[in-house]
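Several structures are given next for inspection.
The two complexes that follow have subunit A in common; it is paired with subunit B in the first and with subunit C in the second.
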Partner chain A sequence: MRDRITAFLVLLPSLAAVAIFVYGFIGQNLWVSLTDWGKNPAQALALRPELHFVGLENYRELFTGFVDVRFRQSVVNLIFFTLFFMAGSLGLGLLLAMALDRGPKGEGFFRTVFLFPMALSFVVTGTIWRWLLQPQGGVNVLPTLFGLPPFSFPWLTTRQQVLVFDWNQLPFYTALAVGLTLLYVAWKAHREGERKRLFWSLFSSGVLLVWALTLGRTTHLLPYPELHGFSLALVGVILAAVWQMSGYTMALYLAGLRGIPVEVLEAAKVDGASEWQIYRYVILPLLAPITLSAMIVLGHIALKIFDLIFAMAGLDYAPTDVPAIYMYLLAFRGNQFAKGAAIGILLLLLVAAVVIPYLASQLKKEVRR
Partner chain B sequence: MRKWLLAIGMALGLSALAQTGKLEIFSWWAGDEGPALEALIRLYKQKYPGVEVINATVTGGAGVNAKAVLKTRMLGGDPPDTFQVHAGQELIGTWVVAERMEDLTNLFRQEGWLQAFPKGLIDLLSYKGGIWSVPVNIHRSNVMWYIPAKLKEWGVAPPKTWAEFLATCQALKRKGLEAPLALGENWTQQHLWESVALATLGADGWANLWSGKLKFTDPKAVAVWETFGKVLDCANKDAAGLSWQQAVDRVVQGKAAFNIMGDWAAGYMSTTLKLKPGTDFAWAPSPGTSGIFMMLSDSFGLPKGAKNRQNAINWLRLVGSKEGQDTFNPLKGSIAARLDSDPAKYNAYGQSAMKDWQSNRIVGSLVHGAVAPESFMSQFGTVMEIFLQSKNPQAAANAAQAIANQVGLGR
Partner chain C sequence: MGRFFLYAFLLLATLFFLLPVYLVILTALKEPAKITLDTVWHWPDPLYWESFNIAWNAFRPKFQNSVVLALSATMLSALIGALNGYVLAKWPFRGSNLLFALMLFGMFIPYQSILIPLFQFVKAIGLYGTLWGLILVHVVYGIPIVTLIFKNYYSEIPDELVEAARIDGAGFFGIFRHVILPLSAPAFVVVAIWQFTQIWNEFLFAVTLTRPESQPITVALAQLAGGEAVKWNLPMAGAILAALPTLLVYIFLGRYFLRGLLAGSVKG
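Moving on, here comes the complex of A and B:
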């Protein structure tokens, strides 16, 4: 009992600090995001600004307002950036780890070389890659070493977009995606013989899909079409980010590969599995938990990305914009504090969506133990 | 006791000697611009040796970082004694409307500044019957730079209107010059826009735009975007990746014929690149704006609640004085805001700018904070992006008007 009291007393200061400086400020930020702070310039920076409660108005403006088109592009950018960054880092890291796992000469040297970029800050990485991706220098002059004409790709400055879609159709796409996911859940439930889950997922999937295919196409967020897509200027940023983080995934995978018992691999070999089959059916499934941890770490880095883009393309260039940058611009340059706070809350929700399920599963595991 | 001594000292006219304490000067002048500020601070220390000057500089071009730091300090109730700010709406629309600044009209009267500064400038500094900051320098925004020898080689003359410019641009393109106009990153594109807008709308139309009398959606204002789009076709496609210096470099290297940039470009070419103004490089008002001087100015204000108010006022006195301005400006590469400064201290470009400053119609720059509040300016970048992405003049005009309504422009 006394131990418990001591433990509680020792923890108390940090609990209080966390309560105030983390949760208290999250709460305050949430409150600010529901006000009109910044709408009236006379109040924005007043000594005691008058704040009025406006509900979800700031959020509505961000997603459907006329002037916040840049926010929507930044959200689309963020999604594409996260996808390609995670895929690139995981893929490259796995390849490097598999190559090193075969124990080539100078393995320790290569391990250091590949891991080294992680020791740099994103600002340093960004500055170096900005030089490398200059339109008239760096990567673009590589072919001239072999007597070929230089590339002319404007890495960070192109305005070209691919995979373009209409923001207006977002309700339709969302319903379609969720509907299809639920259909998949239903199929899995069917295979596992869970009738109740099968019924509910099939039912909600059906409702969503029917809505999407009938009314979904005519439900519009904006009175006019607004096109967004994957901006190719992000390719340069993704390259730099993958360069920075693939060493980290390599280290994780290498540890995982080394942890696989030799007996398992030998047993597979004895059973007549080819090299490919060993990877496909033995090694990769055993690496799945590592992939999940890496995805969590990479995912929250991607969602919070700010410094790399700041250093590579600057704050003002919309084709490489992400919500964190737009939040900075709105709040600290434009004095739109409430809207900035709203973006902050949205980012918090996104990161939470990635991290909380992971934490929950970890917690469950610990309890089970 | 000390206060009492101070009062006697002031009564005896020895205020200068009696001044003690500190003075914190907040600015973004570092690097190339640092020496000019330091010269001014040295002058201050000569006059008030008892005052300890704290030079609180936050680096970052055009104050991008400094402004964020300033905001945090002001909101946290810890204002510096005086801070640098672009003269005009950048100060007024942000801090004056929030009632955070002291009115300096009396200081202007005492020092005779109402006569020393041109009226157009005083108007830009005024709001609701007060004058809100002391300008230390003047830069010109609407200047077109070129290399005379190159133009001769290509057989073209500096264009006088945008129509002429577009014709010249086509001629140069036929001669194999890919991008006759050198352009840099986002803000320099806005900088180009304001020169196009000034030429299209004229000085009165430009002023009406910012007082709210002319809507952005007016056909005349929409036409600005149309011309701007055509002008952009003459510019390099990799603009977003270039700093303004790199854009100037293209003109110097003969890869482009023209660049529209503020007159800090003159400082860059004459000081850093060692070119001789008037012969190695030359300038003209940007097309369609001759006789109009689009100005921007760095200034200092006095926040309410400054801890060393009297020292700050003495600093403002120095900043606005002839001696202060002639110490600062030749080093900074700008000209004095006062009408009576000494031309002999400036180079060929500076002298020509001084002549224009005293005779031209004066209007304020958008990009550099003179005519629109920060809340508008920062979102104007989004308008620019809408245009660059969609190339749709009407969409850009609608967005600009929506933002103007939101921030209450001209109210």
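Moving on, here comes the complex of A and C:
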């Protein structure tokens, strides 16, 4: 009994630390995000600032206010960055793993080479790629080594955008995207014969799609159009991020490929499947769980990305802004703590939306086992 | 034919991963005046070692900060993790699993969501701008992952061993000291590598909570490279310095590094 008390006492400091530093601080941050801290410059840096409750005003301003157009750009940047970074890391990682799985000579060497950027910090990676992507820098000069004319793309300093859309249409696009995803869920439920899931996903998908196609187009967040798109300055950042993280996905996929029982592949071969068909119908479906966990990890990294962009483009460059950068800029350079706190809460919600369903499903699996 | 494409692809991928390294090394070894447009990729002749000298002198205090920070925070969190993992794996009490789950949540939060209260807190207790503040923060936010790694490891140790020691009259700490600790080396290695790499490479806390005299090397490097009109030989030499410790860990302890990576892959 005494030992049990000792055990609890040993754990207690950690529990207290986590309770304060995680839960307490999240609570405090939430409270700050509902106040006007930073609105009055005289109060911003006061030792005991006077805070007034303003409700969701900070959040409203971020999404629809006139001054925070840069936040909206940063959200759009984050969406595109996350998509292309995940696609790039997963794609390259899978290709590398498939190549190494065929047992080339010097496999250990290749593995070491593909994985070493993981050991670097994003700051080092960012510094290196910042130099490579200078307008007069390494990548643009590369073709001249083969007697070709140099590239002239300004990479990180370009202000060009593609896939431009009106921020006002965000509710419409969101409803459309969620509706179509739910439609896909319904289709899967139909195939698996789960009637209840089929009904509910079909129902909510229908509501969303009908709303999007009728009222959605005319719901406006702002009284004027505001255009945002995929900033091409992010291409360089994505390149650097993929360089750093694709070794990680390679390691995951390689472990997965090595884990597929030989008998399964033999059986497929005996059944007369071509190599392409084996990949399409046997190997890739078996790798799906790995893809999912890799997506969670990469998505989690992408949503918080800060140091890479800080090192590559700096804080003040709007075309490569993301919410984590804008949060830092607002709170620690502009002393607008309340709005910074609001962005922190939004990031927490985003990450939670990605991580909690995943953790819940993992937990369920473990219980079943 | 298939083999040809396989090796061509691998060669191309190797170039993608290694060319940046080649450029970093040769830029660091080039005389600043010779870093020009048309010779970016040319190997320097003669080699110019002065940049390393200058970078080392400029970075030495920050490098030392990083060493002190990473080593002390790693040791502290390994110790805490071992004790926590021991309690959770071998002395579970009612609700301990729930508490563990609540603890793990701390791994996944984006630190932006606690940064402002943390900044206020560190300021209030007088540790803002010191290395101690940063050590404290890294130890605290490391608790979930180190506890997870040790708990998983200790769960594999048979309960009978603990039971036998208890019948022999050993208490809580006696069992830890004589039964658990001697078996713990692999877990300590994984945790040490994971925490050292993470803390050495960390940037957000470092840039928010330090003053110039307590900056670790990542912050110093980002500020050097981010300045206007930089001479690129210096940031490149600095990048090599900043990368070296974790690269050495990767090269010499690669197997454990990968294990830590996969153990921490739930964290990301």
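In the analysis below, the second predicted complex is superposed on the first by the 333 of 369 C-alpha atoms of A that agree within 3 Å, B and C clash if a C-alpha of one lies under 4 Å from a C-alpha of the other, contacts with A are read in each partner's own complex, and residues count from 1 in each chain.
Heads up, the rule we're going with is that a contact is a pair of C-beta atoms (placed from the backbone, for glycine too) under 8 Å apart; a residue touches a chain by one contact, two chains touch by 3 or more.
The model shown is predicted, which means the values in this text are computed figures rather than measured ones.
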- [ ] Classify the contacts of A:G38 with the two partner chains as first (subunit B alone), second (subunit C alone), both, or neither.
- [x] first
TODO: Examine A:F172 and indicate which partner it touches, taking first as subunit B and second as subunit C; both and neither are also allowed.
DONE: neither
Open item on the list: Taking the superposition on A as described, I'd like to know which of subunit B and subunit C A:F230 touches: first, second, both or neither.
Closed with: neither
Task: Residues of subunit A touched, compared between subunit B and subunit C (which is higher) - done: C
Open item on the list: Quick one: is A:R159 in contact with subunit B, with subunit C, with both, or with neither? Answer first, second, both or neither.
Closed with: first
TODO: Considering only touches as defined above, state whether A:F332 meets subunit B (first), subunit C (second), both or neither.
DONE: both
TODO: Would you check which partner chain A:F85 touches, where first means subunit B only, second means subunit C only, and both and neither mean what they say?
DONE: neither
- [ ] Report for A:G314: first if it touches subunit B alone, second if subunit C alone, otherwise both or neither.
- [x] both
- [ ] Pick one for A:Y253: touches subunit B only (first), subunit C only (second), both, or neither.
- [x] neither
TODO: Share the list of subunit A residues that count as touching for subunit B in one structure and for subunit C in the other.
DONE: 136, 314, 332
TODO: In the complex, go through subunit A and note every residue touching subunit B.
DONE: 38-47, 66-67, 69-70, 134-136, 154, 156-157, 159, 313-319, 329-330, 332-336
Open item on the list: Quick check on the complex: what are the subunit B residues that touch subunit A?
Closed with: 64, 67-68, 71, 74-75, 93-95, 97-100, 185-187, 237-241, 373-375, 377-379, 381-383, 385-386, 388-389, 398-399, 402-403, 406-408
- [ ] Note which residues of subunit C are touching subunit A in the complex, please.
- [x] 6-7, 9-10, 13-14, 16-20, 23-24, 27, 37-38, 40-41, 80, 83-84, 86-88, 91, 93, 96, 99, 102-103, 105-106, 108-119, 121, 140-141, 143-144, 147, 171-173, 197, 200-204, 207-208, 218-219, 221-222, 225-226, 232, 235-236, 238-239, 242-243, 246-247, 249-251, 254, 257-258, 261-262, 265-268
Open item on the list: Applying the document's contact rule, which stretches of subunit A touch subunit C when the two form their complex?
Closed with: 2-4, 6-8, 10-11, 14-15, 17-18, 21-26, 28-29, 32, 92, 95-96, 99-100, 102, 104, 110, 112-124, 126-132, 136-138, 141-142, 144-145, 243, 247-248, 251-252, 255, 293, 296-298, 300-301, 303-304, 306-307, 310-311, 314, 323-324, 327-328, 331-332, 337, 340-341, 343-345, 347-348, 350-352, 355, 359
